[in-house]
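When the chains are written out, they are named A, B and C in that same order, and each has its own residue count from 1.
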Amino acid sequence: MKKSLIALAAVAVSGAAFAQSSVTVFGVVDTAVSYVNGQDNWSGLNSGGNQTSRLGFRGVEDLGGGLKANFWLEAGILADNGSGKSGYSANETSSDALAFKRRATVGLSGNFGEVRMGRELTAAYNATSRYDVFGQVGYGASKVWTDAGVNGDSTTQRVSNMVTYLSPDFSGFRANVNYGFGEDKDAQTAKSSNSASRYMGAGLTYDNGPLSLGLGLERRNDGANTGVGANAFDVNAWSLGGSYNFGVAKLAAAYRNSEAKYSIGGDKDKTKGYYVGVSAPVGAAGEVKASYNRYEINEAGAAKQKADQFALGYVHNMSKRTAVYGTYAYIKNKDGANVRLSSDVALKDGEKQHAVQVGIRHAF
Amino acid sequence: MKKSLIALAAVAVSGAAFAQSSVTVFGVVDTAVSYVNGQDNWSGLNSGGNQTSRLGFRGVEDLGGGLKANFWLEAGILADNGSGKSGYSANETSSDALAFKRRATVGLSGNFGEVRMGRELTAAYNATSRYDVFGQVGYGASKVWTDAGVNGDSTTQRVSNMVTYLSPDFSGFRANVNYGFGEDKDAQTAKSSNSASRYMGAGLTYDNGPLSLGLGLERRNDGANTGVGANAFDVNAWSLGGSYNFGVAKLAAAYRNSEAKYSIGGDKDKTKGYYVGVSAPVGAAGEVKASYNRYEINEAGAAKQKADQFALGYVHNMSKRTAVYGTYAYIKNKDGANVRLSSDVALKDGEKQHAVQVGIRHAF
Amino acid sequence: MKKSLIALAAVAVSGAAFAQSSVTVFGVVDTAVSYVNGQDNWSGLNSGGNQTSRLGFRGVEDLGGGLKANFWLEAGILADNGSGKSGYSANETSSDALAFKRRATVGLSGNFGEVRMGRELTAAYNATSRYDVFGQVGYGASKVWTDAGVNGDSTTQRVSNMVTYLSPDFSGFRANVNYGFGEDKDAQTAKSSNSASRYMGAGLTYDNGPLSLGLGLERRNDGANTGVGANAFDVNAWSLGGSYNFGVAKLAAAYRNSEAKYSIGGDKDKTKGYYVGVSAPVGAAGEVKASYNRYEINEAGAAKQKADQFALGYVHNMSKRTAVYGTYAYIKNKDGANVRLSSDVALKDGEKQHAVQVGIRHAF
C-alpha cells in the first residue's frame, strides 16, 4: 500500500510536472559597476560582466525509440537599462527590443547524433572559444575570436539560416558541422554569386577527463548585404585550442588565424590571435582566473599592428546560480593599433586602457 | 486513510499546480529548408512551413458561478533567424523584435458566451479560413483569404482595438462578431470620416459531427493611415466554406469575394477566390493533403487576371507536438497576373513558380 | 507511516515546484473602451485603465544565512494592439516591441537591507506616488508626478543604470536611495560636465497601521542626450504625501514641487502639484474612489498657468486578479494652460476635456 500511495502521488506530481515541463524559462541577469581609464575616464553600469544577460525558453520532448525533439529560443538583454539586444552580427539589424538573436533552433536527436535548424553559435566558434576563462564576456573577454575587432573582419559568432549536424560522442571525439544558407536574394537570383553570405564551418572536439582539445574551421562568403559594397570579401578562419585540468589549476591556450580576401584586387586583411589562460579554485566557493592575449593585425596595404591584453578576475559563487565577481583588464597597443576594452573611451597616449568592473550574476 | 493521504498529496500537487497554472507558456518552432524555382532559383531556410512559429502566454481564471476570465498574448517569431514578427497588417508598424501582434486579448466568459477586447484574428477570417488544409502557412497556403496578395486590398486577418462577442454553442451553431474601433485620430477629430479604419465583421459557423460550415462577412473603412493617401477605400468581403469528413478523407471547399471601393471616383478593385482541398490519414501517424486554388483579380481599369495554385503536402506526426513535413506547390498565372509563391523570386516566363519545402514543426 | 508518506509526497511536489520556482511569469492585461470629449470627440480601445498592461519574469533564490538573490524583468505592453511599450523616458528610445523598460534589476538582500542594480522606478517617485488612488494609470491618473506634462520637465519615473540601496524596516521607517550613473559618454570624456544625465534621489517612508507617510527628494542633471540641446537643465524636485485609513474610507494627499534650471541664463521652469484622494470599499467586492488635482505651471518668461483635474472611479473586484472598472475624469485649464487627459484630442474652448473609460483588468 505504501508503494501504491507513493506511486499515485508520484503520478499526480509528474502529471503536474509534465504539463509544465514542455517549456523551461531560463536566463541570466548580470550587472556590474564599471570604470574605464583611457584618454578620459568613464564610469557606469554595464550588463554582462560574468555571463551575458539573457532570457530564454527551451524544451525537450521524448518521442520514444531514443528519438527526441528539442527547441531553444534565447534573447539577449541589457540588464542595466532593460533593453533587448537583438543585433549580433553584420547581417542582422539591431533594435532595443527583445528578439531571439542568441539562439532560435528546432532539432531532432537520436543515436545518429542531432540535426538542428535555425540560428545559433557556430560549431567552429564553440570548438575553441570555450577555452576563454572569461567566457567571452566583460572587459576580460578575449578578442581572439572577433579578429581583435578589426573593422569588416568581425567574425560571425552566430549565423542565421543554418542547418547543423552534431555527431554522437565517439570515445570523447565529436564533430559538428554548420551550413548557413546564403539567403541574399539579389545575389542568388542574379546568379552572379550564389554563395553570397553563405557560411560553412566545422568544429572538432576531444574531451577526455582533464584533457580537452578543439579545432574550428570556417568560411564565409560575404555578399551585398554586408555593407562592404562592391568590394565584397570572403573570410577564411581556423582556430586551435586546448586545456588541461591539473586540479589545483586549469591551463588553457588557443590560436586563431583569420583571412579576409577582397573580391576586387584580391588583397587580404589578416589577423592572428594568441590566447593563454589559467583558472584555479580558491576555497570552497571562489575562483581566480587570468589571461593574456596577443593580437596581430595585418590589413592590406598597412603596416603590421599589435596589441597585448591582460586580464585578472575573481568569482565568488554564493550558489550555483548566483555569484559576485570582479574583473580587471589592461590593453596596450603598438604600431598604431587601436584595440580597446571599451569602444567608447579613447586610448591613453594612443596606446593604453585600463578597465575594472564589479558585479552580480544571477542565473535562473 | 488511503484516501486522505491521496487527497493530501493531491492538494499539495494542485497547490503547486495552481501557483503555476495562472500562466501557460506555449509556442511553436517550425523551420524548413526551402527551394523556389521561378525566373531564377532561390534556396534557404524558412520559418513556419506547417505552423507559424510563435511564443505565447495565456491563462484562464475561474471566477465562480460559471464565469471565467482569460488572457492571451501571442507573438510571432522567425525561427530561421530568431527575429520577432511584429508587423502583420498595414496599420501596424513592423520591427524585427518580439511583440504580441498575433493576439493580445483579455476576456470574460460565461453562459452568455464571451466578451473579449484587444487584437486577434477576425471572426470572419476564422469562420472559413479554417478549411485550408495547409493551415494558411507555407508555400501551400491558400491566398483566397488575402485577396491573392493584390496590392492595397490585402485583407485584414488580424485587427487591433476590437471588441468581440462570441456566442455560446447552440446545437452546433455559433455566431461571433467583431467591432474594431477606427482609432485614426486625425480622421475622427476632423469629423470628416469618423469611420476611418473602423472594422466590422461576423463569423457564423455550424459544426456537427463530420459536417462543418462557415460564413464570414466583413467591412473595413480605410482611412489616412493605410498609406493609400487621399484616395482611400472601403473593403467589403464575404466568404463561404465547408468541409465533410468521410473518414478515409476529409473534403473541404471555400469561396471568397472581396471588393475595395475607392472614395474618389467610386472605382472598385475586385477579387474572387475559389478553394478546394482534401486531407487523408496515412497509417497511424501520417497525413497527406492536397489543394487547388483559383484567384480572379479584377482591378479597376485593368483587364481581368487569373492564377491557379496547386499544392501537395505530407505530414508525419512523430507525436502530438512534433512533426516532419514536406510541401510542394505550383502556381500558374494568366492574363498578366503576378501572384507568387515567394515574393522574392520572379515568375518563370512571367507565369510560373514551383516551390518545395521540407521541415520540422515542434509545438510546446 | 502517514507522516513519511506525506513527507515523500511533499518532497516530490516541492521537487517539481522547485524546478519551476526559479522563475515566476507574471503580468497584467488591462483593456478599456474609452471616450474623450474635447474640441472634438474620440473613441477607441486603450490599454491600462486600472493597471498598466505588462509581462514579467522574476525570481528569488535563498542563498542561506538570511541572504537572498533576486531578479526582476518587466516589460510594458499595449494590450489593445499587442505592441510592446519599450520607451518610457526621454533617455530611452521607443519601439513597438517588447523590452524590459519597466524594470530590469538584480539584487542581494539580507539583514543589511537590499542592494539592487539596473533600471526601475525611483525611490523618490515610489515614496509619494503610491498615494494616487488611480495608481498613476488611466484618465484618472494624477499628473502631479509628471510635472503636469510640461514639455521638457517630464520627471524621470524610471531611471536606467542605477545602484539602489533599500534599508530594512525600522519600526515602520524605511529609507531607499538611488544613484543613477550619468553614462553620457561625450559629456564624461569631455570632462565638461561629468554629471550629465546623473540621477540622485531618495525616498523616505513611514508605514504604521492606518497611517502612511512619504517624502521624495531627487536631482537629475540633464546632458546632451535629452534633446534639449546646448541649453541643458538640471531638475530638482521634492514631494510629500500621506494617507490615513479610517476603515470606511482612506484619505490621501500629496504635494510635489519641481524646478528645472537652465544651464544658460539660469532661468527656471517651475511646477507645483497638489493632490487629494479618497477611496472607500463598497460591499464585499467594490471600491469607489475620487481625486482632485491642481497643477500650477510657471515656465521661465511666461505667465503662471493653472489646471484642475477631477476624477471618479469604481472598481468591481471579481477576484483578487480580475476586476471590471469605470473611470470618469474632467480637466479644466486656466490662464492658457494646456494640460490634457488625452494628448490626442484638443481642449474644448481651449480649456476643458472630459474622458470616460470602462474596462477589464486581469492579472496573472
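Here is the rule we use: a residue touches a chain if its C-beta (ideal position, glycine included) is under 8 Å from a C-beta of that chain, and two chains touch if they have at least 3 such contacts.
These are the chains along with the protein names UniProt gives them: A, B, C = Porin.
Treat the numbers as computed from the prediction; the structure is a model and nothing was measured.
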Copies subunit A (Porin) and subunit C (Porin) touch via same or different residues, half shared test: different
Degree value of the rotation bringing subunit B (Porin) onto subunit C (Porin), based on Cα positions, nearest 5: 120
Inter-centroid spacing, subunit C (Porin) versus subunit A (Porin) (mean Cα positions, whole Å): 37
In subunit C (Porin), residues with contacts to at least two other chains: 5, 9, 13, 16, 20, 25, 84, 95, 97-99
Residues of subunit C (Porin) touching subunit B (Porin) in the complex: 2, 5-6, 9-10, 13-14, 16-17, 20, 25-27, 29-33, 39-45, 55, 77-84, 95-99, 318-319, 321-322, 324, 344-346, 359-362, 364
Residues on subunit A (Porin) engaged by subunit B (Porin) in the complex (per definition of touch): 1, 5, 8-9, 12-13, 15-16, 19-20, 22-23, 25, 57, 59, 61, 63, 67, 69-71, 73, 75, 84, 86, 92-93, 95, 97-108, 117-119, 160-163, 181, 183, 185, 188-191
